[in-house]
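The structure under discussion is supplied below as structure tokens; questions concerning it will follow.
The chains carry the letters A, B, C and D, assigned in the order they are written, with residues numbered from 1 in each.
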Amino acid sequence: MLEKRLVAKDLTLIRGGRPVLSDLSFTVRSGQALYLRGPNGVGKSSALMVLAGLLAPQGGSTAFEGGDPDVQPLSHLHYVGHDPAIKTGMSLAENLAFWVDVLGGDAGTVSQALSEAGLGGLDKIDAGMLSAGQTRRLALARLIAVPRPLWLLDEPTSALDSEGADWVARLISQHIASGGLAVIATHLDIAIAGEVETLNFSRAAA
Amino acid sequence: MADTSPNAHPGWFTRIAHPGMFMGWSRHLVLPLVAITVIAFGVGLYFSFLASPADYQMGDTVRMMYVHVPTAWLSQFCYAVMFASAIGTLVWRHPMADVSQKAAAPLGAAFTALALFTGSMWGRPTWGTFWEWDGRMTSTLVLLFIYLGIIALWRAFDDQLKAARIVAVVTLVGAVNIPVIKFSVDWWQTLHQPASVFRMDGPTVDGSILVPLLVMTLAFSLLFMTLHLVRMRTEITRRRIRSLELAQARAAGGAA
Amino acid sequence: MIELGQHWEFIAAAYGGAFAIVAALTGWTIVSAIRAKARVSELEAARAARKLQ
Amino acid sequence: MRAFTAIIGRDLRLGLRQGGDLLTLVLFFVIVGVLLPFAVGPDRPLLAQLAPAIIWVAALLAQLLSHDRLFRSDFEDGSLALFRHASLSLDGIVFAKLIAHWLLTGLPLVVAMPVLALVLGLTADNFWLAVLTLLAGTPALTAFGAIGAAVTVGLKRGGLVAPVLVLPLSLPVLIFGTGAFDPTRVEASTQALLLLCALSLVSMALAPFAAALALKISGE
């Protein structure tokens, strides 16, 4: 199997006339996690959005190498941002099943993924009844239900208690141990076992 | 019930109207109500078709009055029930008033639609048209819109406890406004002289017609009471479901 | 057969429509009552199971 | 294909289950249709003559009301960002959403049409024409509305801008829609109906690309 690599080269991003990223380059390999660290407002989230194809950079390029050539580039990745992409008015199982269908996973994994995310037994409950932490868990359950090599996570432990944060750390550790890649924007420590690199963002980026 | 706070002075009414108590005593009421409703409809239909003559003026079309008049009566009675419940919601903040309001709205809409439908079925052979911009028909149509608007408002809220009080305000405004609508529509009628005027000669109500009319009105009113009671019970059960589901979500916590 | 005169279609339609709407209303009421009851007992069973643990 | 049907299914489910949107829309359509007679007066022959115009204006306004929610909730809760990573292209996803939206906002108008037809005293021939033209024309309204909704989805107060953009675009639909009602000139009315169908097909085919592009830009 080919080694998978995420390569970012000379990324430059200007938003609202303000330079957010300038000449950012890095490479993440299979079995590696990359932390994007730094205080709020230095462009961690923007960098993730560029990697996720949601923002078009003014300069530079990102490429995911070694993926399945039949699959379009953006379908190799999972992006978990601030907004959970969960609909109230639908049950937990319906919400997750929808994303499994849309993202192209195996429909049989829904209830398994829910219980692995600590939401077992709540399948039929309306997603509007969940607490913020449970909503975050439901959003992260997508990572379990649909296997994809590259994870882009924006503050994955926000709204979670320490137990939840441990769970996220275990989840990411397992993922990179089985050859996955992860880029994580965070200002908190997440104790990931495995090969971890850190990219520090500073306010001087202008 | 999870959604009621214990009252400081539990009078007899408070106790009877407590959702838990209500579920207890109303359970024994459902079957008898169903039974009398069915009997009343049986008797009513017997009189409407077999034991009453055709009207000398309207002919057999008079038989449509036996569904039209009761539904038209219920379309207004149901609003009266909602009006009373709305006051209960706003003044005493009684949970049963919310439940009663919510359960009555679709019934009112259905009976109003039925009154309009049977009216237009009657109008076609009698007036030669399904619809006439007649004051009473027009204001009944507006009443249907008000019912449907109230239902839409109920459904637009996630929080049903908050919805109850806002819907109650709309119900009160509607109640005040309905006479105004009725009045203005009549006035509109005289203002614009319609191109073709159809007037129904007020039929002299004969005893042979009055009996089926009264029995059918009773039957439909009983039907309304039965459905309203069952729907209220269902609504209380739904609220219990909601609190149980919330409890389940809380109990699950974040335990991985 | 009951003789309803020349306008029997309209009379039949009026009663038919009334029956249809009343039946739909009754059916809906019954179905939602049964569903709500089933869900409540399901949830109460789940709660009892939780308490036992 | 699975993603396509899943999106249609979800939007239908949400539309039917939540908020009474469907009921509100139909109610709005019927009320606007009934409102005009109050302004015109209870003159039956005149109303019958105006009926096609009244029905189309009511349909146009009702559809306009519904467009804002087409993309907004998906935009706000982050679903739109995730759609970019789906196994289906964004154009395909927008197309699926358009179909669901039409089923929720176009079809109910056709179903509610008999009520207006009855109240306005539409003749039987014109009634069937009205059903046909609404069936043929509402997809175009949905398509134009989708473009307006996609363009304004990133604006906090896009509610008023979108109608101003969409209404002029929808004019041809109105013209052909009411143009089909001319019992004296069968040829002209058939032509109008065919043009309406063509307009709907072309706009439904092209709108997803334009809307998807606008959504990509709005997401930035």
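In the analysis below, a contact is a pair of C-beta atoms (placed from the backbone, for glycine too) under 8 Å apart; a residue touches a chain by one contact, two chains touch by 3 or more.
Owing to the predicted nature of the structure, the values given are computational and were not obtained by experimental measurement.
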The pair out of B-C and A-B sharing more C-beta contacts is B-C
Relative to subunit C, the most remote chain by C-alpha centroid is chain A
Subunit A to subunit C, mean C-alpha position gap in Å, rounds to 47
Per the C-alpha means, the centres of subunit C and subunit D lie apart by a whole-Å value of 33
Per the C-alpha centroid definition, the whole-Å distance linking subunit B and subunit C comes out as 16
In whole angstrom, the CA-centroid distance of subunit A from subunit B equals 53
Where subunit B touches two or more other chains simultaneously, the residues are 245, 248
Expected list for subunit D, residues touching two or more other chains, is 18-19
Among all residues of subunit A, those touching at least two other chains are 121
The subunit B residues in contact with subunit A across the complex are 158, 245-246, 248-250, 252, 254-256
The subunit D residues in contact with subunit A across the complex are 2-3, 5-7, 9-10, 13-14, 17-19, 73, 76-79, 81-89, 93, 219-220
In the complex, the residues of subunit D that touch subunit B are 18-20, 23-24, 27, 30-31, 34, 37-38, 41-46, 118-119, 121
Touching subunit C in the complex, subunit B uses residues 49-50, 54, 59-61, 63-64, 67-68, 71, 106-107, 110, 113-114, 117-118, 121-122, 124-125, 223, 227, 230-231, 233-234, 237-238, 240-241, 244-245, 247-248, 251
Per the touch rule above, subunit B residues touching subunit D in the complex are 120, 129-133, 141, 145, 148-149, 151-156, 188-189, 191-192, 194-196
